[in-house]
């Protein structure tokens, strides 16, 4: 078994008094893509935020064997975690180029820089000086992913990158994401089950904050997965 | 007797006990008593607007001065008793607040606070130029000539007690029942409150008018006691400063906050009487400490302690 | 001709006003809070200058960097030690904290320095004037105006073209997500507060050169700073310049027309703006 990049053990996460995750355990190897599947409110975003330190969490959280719990978010980011958050969360008053530069603040050595990111998403070069808030949804999503890539992360977290986008745009995004596979560990949150399985090596399904099913994406029992997704059984 | 009835009974008892003070206390003590009651009244009025209504005002001294000047100007030539003028001054102040509301209510948070401050400044400057009220030098209470000297102190004290008790009672009644719920809903989440039909303007306006009236009455009583009014004293921003400290230290948004805060304020003032400057520094540091460590103030701390002690007796 | 001179004087006064407002608008733009102690920071800067000039007899202009650096540190410490701990969902807490701070600073200054009037002596500059044809402009007011303009320009450049500026703008846009880029927002806030205090100190020293001040002078300057931001708007730092200039001109004209009015016409301008254009002269209209 490949050495674990990310190891999560019995993780609970909280929004104030409300518990969003119950005893989540999973691991990820370097270069592996994990699909995080589940309905709205299942806790997918909470899990990603807990990894980043944006949401309060208790339990085992190790990156390359290093305990992340005592680290606040800025320091966790420096260990090689980057995220394209739910809702994109670009800096609207900054230009596209400036958004990307912000992503490069804690860049580790690696192949991703302004040129290579713009090669992946040519539209970014075209709109480099435009305020990010003025771009369309799909274009903003490319900026968000590009911004995360600029850090040359070991672990890339992608939260619902296709949400609210036209199918053509989603196809474009997923084609770009396919070229990233294997270069870094990726956790991909997707509501579309088929796309999620097609784009990943393994999957994990959450229901109401609990991990209810996991396995290899290739040849997964989609019927069983659908039942787990909706909580039937 | 239920806890609530005990509360009302206690309140009535305290008022009755305090009403006896003019028969027991000398002139100096009576003056101090009036001052304390005026501050409590003013703090309750400010607390209503800020703690319950969520609108922080940095210009309540405008209402104080207005109440005082209303009393002095109306009684100057008209045969109205200054004592009767106290509630009327409150009414006049509330009317002006009504005129200001359309402008001020467009503002939020710090903008509202500063807007109130600017409004108070404008009123101060206008009155300072008005010859009728003696311009910058101020004027005496002309109507005092017709009053019985011996009874002025006690009656003013009872008026102060009535104002302080009255505004406390008003706040207590307002925050119970449906109005209080609407108020709290607005404070917590305006968008959600609006969506269930809570009209923000009407609720805030009522709170604003009551707060202004209370401050006006307090101002009227205070300057009645002084027998003289000047623009500098009437519109001194120190009124607002004192009252904010009193409410914050006592516990913003709580009914007994202003009372506890007033006690602390006057204790500090007496203790550090040698230096007005250091007593203000002490007040400021206390207020900062409250905001940092105990935002609910003394009343909040007291409530927490009481809850801890009463827990075993409370039945679900 | 006298009217033109009045307007020019108003513009130069407005430069100083804009400087009062700049620090406040920075904090408001980045942290969404109001620093009620801002006026006291202005005056504290001046008093610090008094102390240093008293100790070492050097011309105030040379002292400027020292006072500015110290006040930057004071602002940084205030934010890191106090204000950062009360930032959250309740807007009243930081407001009331800084309110308490303003009273503490004001009265500490009274206890330490007394309540007398004091001024910084810029030497011959105080009364020097420049003759431009039929007009006569005071060198000190003109110099103050140019310093203010230069500071606005420098801040604009720093925000637009440096890594620090980018970081500040990003933190202002989204203080939560900016942490994912390794930014500790508490440090950003502290540096912005430090900068605000430094700007306040410069404004205080310039103020003390043209007029005498007491520890109580901060209250009036705070009100002016607020009026500058409201009149100008919160869109950009240049909005504060516009607000300051407008207020300065109104004060100058008002004083000439009606000497006993004090700051009344400025207050009326504020009311007019609030009624007619609440987002300010150069502000962005907020969606309710």
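All chains are identified by letter, namely A, B and C, in their written order; residue positions are counted from 1 within each chain.
Here is the rule we go by: a residue touches a chain if its C-beta (ideal position, glycine included) is under 8 Å from a C-beta of that chain, and two chains touch if they have at least 3 such contacts.
This one's a predicted model, so the numbers in the text were calculated from it and none came from an experiment.
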If every chain is reduced to the average of its C-alpha atoms, which one ends up farthest from chain C? A
Would you say A-C or B-C is joined by more C-beta pairs in contact? B-C
Would you identify the chain whose C-alpha centroid lies closest to the centroid of all protein C-alpha atoms displayed? C
Whole-Å gap between the CA centroids of chain A and chain B: 54
Give, as an integer number of Å, the spacing between the C-alpha centres of chain C and chain B. 32
Averaging C-alpha coordinates per chain, one finds the centres of chain A and chain C separated by a number of Å equal to 43
Once bound in the complex, which stretches of chain C touch chain A? 163, 166-167, 169-170, 172-174, 176-184
Within their complex, chain C touches chain B through residues 28, 33-34, 82, 85-86, 90-93, 95-97, 99-104, 106-108, 110-111, 219, 223, 226-227, 230, 260-264, 267-268, 270-271, 274-275, 278
Chain B residues touching chain C - in the complex, by the definition given at the top: 50, 54, 56, 103, 106-107, 109-111, 113-115, 117-118, 121-122, 125-126, 129, 237, 241, 244-245, 248, 252, 275, 277-278, 280-281, 283-288, 291-292, 295
Complex contact set, residues of chain A against chain C: 52-54, 72-75, 77-78, 82-83, 85, 89, 91-94, 98, 101-103, 105-106, 151
